[in-house]
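To start, the structure under review is shown below, and the notes come after it.
As written, the chains take the letters A, B, C and D, and residue 1 is the first residue of each chain.
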Amino acid sequence: MDFWLHVVNMIGLFIMLGVSLNLLLGYGGLVSMAQAAFFGVGAYAAALSARDLGLPFPLTLVVAIVVTTLLAGVVTFPALRVRGEYLILLTLAFQMVIYGLMLSWVDLTAGRTGISGIPRPRLFGKTLVTPAEFLPLIAAGALVTFAIAYRIGESPLGRVLKAMRDDETATLAIGKSVLRYKVLVFCVSGGLAGVAAGLFAHYQAFINPFSFNLDRSIFLVALVVLGGTGNLLGTVAGAILFVGLPEVLRFLQARQDIVDAIRNLVFGLLLVLFMRFRPEGLVPEHARGRRRQGVGQPAPAVSVTGILPSAGPAHDGAGPALVAQGLRKSFGGIKAADDLSLALPRGKVTALVGPNGAGKTTVFNLLTGFLAAEAGTVSLQGEDITRLAPWRTVRLGLARSFQDVRLFERMTVLDNVLVALPEQPGERLGPLFFAPRRTAEAERRNRDQALGSLAFVGLADRAGEIASSLAFGEQKLVALARLIATGADVLLLDEPASGVDLQWVRRILGLIRQLAAAGKTVCIVEHNLEVVTAVADHAYFMEAGRIIAEGRPEELMADPRLADIYFGTSRR
Amino acid sequence: MSLLAVEGLATGYAKKQIVFGVDLRVEAGEIVALMGHNGAGKTTSLKAIAGLLPLWSGGIIFDGEPIGQATSAARVRRGLSLVPQERFVFADLTVADNLELGAFSVADPTIAAAQREKVLTLLPVLAERRRQLAGTLSGGEQRMLGLGMALMRRPRLLLLDEPSLGLAPLLVERIMETIRDIARHDNLTVLLVEQNVRHALAIAQRVYIMRTGRLIVEETGAAMAARGEWWDLF
Amino acid sequence: MLALAAQLATNGLISGSLYALLGVSWGLIFATTKIFHFAHALTLTVAVYAAVLAVGQWGWGLPAGFLLAAVVGCLFGVATERVVYRPLRRVNATSLNIFLASLGLLIAGESAVLIVFGPQARDLPGFPISGIALGPVAFTTVEGLWLAGSWALLLLLIAWLWWTRYGRAIRAVASNRELAQCVGIDPERMSLLVFGIGSALVGLGGMLLALRDTVSPTIGVQPVLTAFIAVFLGGIGSIPGAVLGGLVLGLAENMGGLLLPGHWQGVIAFVVLFSVLVFRPSGLLGVRTR
Amino acid sequence: MRGNRLWVGMSLVMMAGWAVLAPPAPAEAQEPVKLGMILAMTGPGAFYGQVMSRGAQLAVDQINKAGGIGGRRLQILIEDHKSGDADAAVTGARKLLDVDKVPVILTSYSAPTLAIQPLAVEKKVLLLNGGGVGSVLVGKRNLYNTRMLSSQTAPFVVQWAVSRHSAKRVATLFWNDAAGQGVNGAIKEACGKLGCQVVAEEPHDIGAKSYSAQIARIKAARPDVLALGSFGDDVGYILTQARAYGITVPILGVDWTPNAQKIGGKTMEGYAIAVDRFDPAAGDDKTKAFVEAYKAAHKDSPEFYAANYYEHVELILRPLMKRILDRGGDPAKQGELLGEMERALSARLKFASVYGGDMQIHPDGTVSKPLGVYDVKGDALTLIGRIVDGKIQARP
């Protein structure tokens, strides 16, 4: 029986490791090839603190968790700067450095000889030795780890992580500090791996670097991916299938070495085949039963003011909501903004028009902090925001949309909007775990508000669908609902009507007018002067990084000089 | 028979449809302009015609032969050439390498050499800069190089995507003149995507206007020019 | 001390040259196709096993073994591209998924080699190993061959890339895939070509390694990890960068011997990579990407 | 969604299939005594696993052919530790101890042996190690080593260096693990006593293949002799590279294998070791019988690793089991073999050895076997000195 209980314990440990990695990889979109390294560092920390410092068991577990959490925090900083292949390689390098240290720093780790004589833990006056005695402890560990990961994954915090995974830029644009969440998810993932590590060291009573090598990191990534990223149940299924099942093979009457090779062969081939035919893994992120949220609920009555959350303090002073002065920015030799000044009057729709390449989108990027201006200032409601990060400007009440919508494509429509709501207690670990009722209440309110935003744009009935499955016009509306949800008072819309059919254009323009009527300050970038005329109170005409005219849209259209610039000078 | 006939062209990126059934034709020797504002699907249409994007439905007939399923390389060999809107030179290769690559589809080295002579006479600035990396050229020079590369392979139909983008007005005029000259002398057919309406009208015999993935206007350049005002179209 | 430094520098140059070759073999594929081809390690293993079989068991000469390794590597690489990667591209697989498939292929392939050839190490007979002394520095004949062989192949490849039609086309695809299509280059064919060339090179590189080391089913992983490092040190997309990266890596590893005991070599490589990625993410010669 | 169910279903079918494939254990009246082995069946050390299992299997086959021990047949069960993976060793050991209920496990390598030792204690199972040579294996309950530890032999290397080569300056190059470190420590200690000085200490990774940096540093230290604390193939690589890099001083060590000889070739000439050496060509009748039988089965002369595990079964377990059966006990029962071993040791019982003569296993788990100093001539080892009472007696 001990043998099978041992297998169950190993599955439990792998569930912990897999879940910790899934949080990072499936939710945060951060590929780490170093999970085994964290596991190992935690195991060594627990082993050494127990054997050499004589710490008692629960304390050694704490040591393991603290050490892995801190280490994860340290690795995050270089990892923040890189993405994609670079992140894979960076974490791979980290894995190799840690493994090399375990092998070579013999004075501390005893190299490949390993550390033996790790004391068995004593709990409630009983020393745990056999797999059966360990089972409750490991099961509890797996349960707690899973519960923590699940709580995070399926909370507002998990929603932000998924948003970050799907589109970092758009996550910044809804007022979330990508940096903060990356550090957070790395640390949490490291800490959860530390739980597994602490238990593992005491359970095996012996550790050596072999258990923490690159192969194991690769195995963990494969396990999570085959199980299904972004769904923790998939990881559990993966651990049972790929850790537990092969042990059955031990009972085949065949040579051990061949059996092991066949297992790996099958495992490798499965990985290739899954990537081709079922990349979402055994249990996909949006498995049955998980997609229904928001559907079937009656959409609350839609009154424009009711659905408009407000982030900052109410501003009812006179004067423009946003003022930019003397902005300059150049790329290479091209001046994208050249001593550019503008002001957005409160509660009005202002348009930024001009030919392609005039620098309109650049202006948005400068105003919202996505680009740093070389000179000039931006002030929002009288406050200087020139040097602020994009997510901070959103918190202060200035938000922007993107020409190419940039929805969080693998999330539901409702989640796309929900994630943008400001100040959600469930986005922080403290309230999430220690004030569950407040978190739940806030979530209920936020849901209503998000559904309200969706009802406002007329898409409440699509709330449960995956964003990428919507038509482009609908996606634009979702993006608008998401923008409204940030609660910003000043909204910058980049080509809200481009790429959609006429009936959609009318609908979007109507919504923009309603927003302005409700007191929002709106600025749109637009090519189509007809659209501008229909919606804007005031327009700036840009060319080559400068504003060369302003006035009512009809006035600008009547100006033959501007027509020349827009349509080109006729040749004589 | 038209040199290029496109029927019911539909295409897009990944799952996102951008172009919803476009019919257009280009006669041999014509310069045709395709216009419309941002996001209308002009560039996407050109890419589909050049074979950079798969055809979702519809057909493309070039010189009497259906090419809708051919690879882009096969289309280039038949004489259909696209100069893209952005990144139209190999920035980290030399000007000379860029020109050679322009003629990649020309198997016969003597033809390529002759063509190189011709292009360098036409665009003398390139001759001076042969050893330079293309990325170090000025915006105008890079445009010239992009055009020169296309000419290296002696195309019959040139698809030009916003050749005036990001250029100073004076340079735009030069580019347009160059295009017209080349079209005239080499009996080249051009399908041009252009923002600058007047410039396009100055050289185009016919005009198509797109909006949200569909054609909304087809008329001669003259008729278009006669409207005098185009705010409602763009 | 000076003699030690000279010796270590020589060692660094020698291993750096082989790293450069391995780096270029992988970097060429990565630059052109953007595939994080982890299974390159499998190509090396397969090519070298074929040659070991031919030389050790069928009694082929060593030069014929080298030729066979190149041919087998080339074919295996091309087959990988056709059978595994191209279908994945057709269904718009993400680069992460392609990377994972590559990992899966490596795991499965190594196991297959293990099942067919058994776990025991084999060796590549037939090369006389002796010492060559040049003043204060000494190296073995194998290392001499590494130096000569690596540079011969590197220079040949660079010449081919810079002065021939297809070489230029490959650089064009690496530089700007879409424009390459516009000028009539078929990127799918170029993918096959770089997989063929890169895989042949890694087969030859593996043979150079096998002259000194024994051959086991996992022989490919370490050299290919080294290749990654060389490429990312030098800057992805740059062939001269990969050469430089390989040399820097070899020198760093060995010159580290002035300060640290030799067994820290393996760690040094990854510390160097880690630091470069932190302080200069695009590599030494890399083009700045957004 | 339907696809989802399909995949889960397919996985379940796979699971069921595997479960069915696992055959139920056949019930037998007189079950054989099962001997567990945890060896390097895969990974870089697979060669050792193969040789060790052959040695043990040969002994088992011989015993079974002769009708077993007092009618009890033997059966060997092998689990793989993948050349040093402690996790794999533990899982394998759990299976052997719990499912197969073996009374004894023959292990190899230092780390896996250490990893499974607590489990053996828990189940009262005897552990015999004939492979690992780390000094960390000394003084572990239930664990008995039948190979002399490198730290026991290394002092004689220094003695030889000082007496034969008048060495004042010694450089060491050794495995960066317990075994290698043990050699290095023993050499330093012996040097302190015999008046020489260790001028360079260079650890290297096991199976490193390239030693250029270490050799360059050693060369710069200008030693009179180079002493190796490396084992297996590594010795061959080191000799080749050291000679190629112009190290001309004598090279001594504690390990030599035919495979290392093949790798090192001519550069191995003169390489001298102090070791408890198994020589297939020497020894008494039991040695000859073993060598003949091994050659007949595998067409190859046995390695000393094969000899060690043959010895485990034939010369240690067999007499122990005989004694258990004689007093009416059941050798298959966990605890019996261990108890018998402990009784035998406290009675200072000697076991015969295929190395020739007897071996003395000590209660701390170490062993004493005949020791000698050998060097390579041609492509074989020749005895150049016997060690008697802690002193080397050179043979003319």
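One rule holds for everything that comes next: a residue touches a chain if its C-beta (ideal position, glycine included) is under 8 Å from a C-beta of that chain, and two chains touch if they have at least 3 such contacts.
Here the structure is a predicted model, which is why all the values come from computation and not from measurement.
The minimal number of chain-to-chain contact steps leading from chain B to chain D is 2. Considering the contact criterion stated above, the chains in touch with chain B and with chain C alike are A. When the interfaces C-D and A-D are ranked by C-beta pairs in contact, the top one is A-D. In this view the innermost chain, defined by its CA centroid being closest to the centroid of all protein CA atoms, is C. A centroid comparison over C-alpha atoms places D as the chain most distant from chain B. Here the spacing of chain A and chain C, counted between their Cα centres, is 35 Å. Centre to centre, using the average C-alpha position, chain A and chain D are separated by 53 Å. If you average the CA atoms of chain A and of chain B, the two centres end up 40 Å from each other. Not a single residue in chain B touches at least two other chains.
Annotation for chain A: residues touching 2 or more other chains are 104, 257, 261. Residue positions of chain D with contacts to 2 or more other chains are 41-42, 46, 176, 203, 205. Those chain pairs judged to touch are A-B, A-C, A-D, B-C, C-D.
Residue ranges on chain B touching chain C, taken from their complex, read 14, 50-52, 71-73, 76-77, 81-84, 87-93, 97, 100-102, 104-105, 149, 153. Residue ranges on chain D touching chain C, taken from their complex, read 41-44, 46-47, 50, 176, 201-205, 208-214, 216-217, 219-220, 233, 237, 240-241, 243-246, 262-263, 265.
The part of chain A that touches chain C in the complex is made up of residues 31, 77-78, 81-82, 84-86, 88-90, 92-94, 96-97, 100-101, 104, 218, 221-222, 225, 257-258, 261-272, 274-276, 279. Chain C contributes residues 1, 3-4, 7-8, 11, 14-15, 114, 118-121, 123, 129-133, 138-141, 143, 212-214, 216, 218, 253-254, 256-257, 261-263, 265-266 to its touches with chain D in the complex. Touching chain A in their complex are the following residues of chain D: 1, 3-4, 7-8, 11, 14-15, 18-19, 21-23, 41-42, 46, 49, 78-80, 82, 84-87, 90-92, 94-95, 97-99, 110-111, 114-115, 117-118, 122, 134, 136, 176-178, 181, 203, 205-206.
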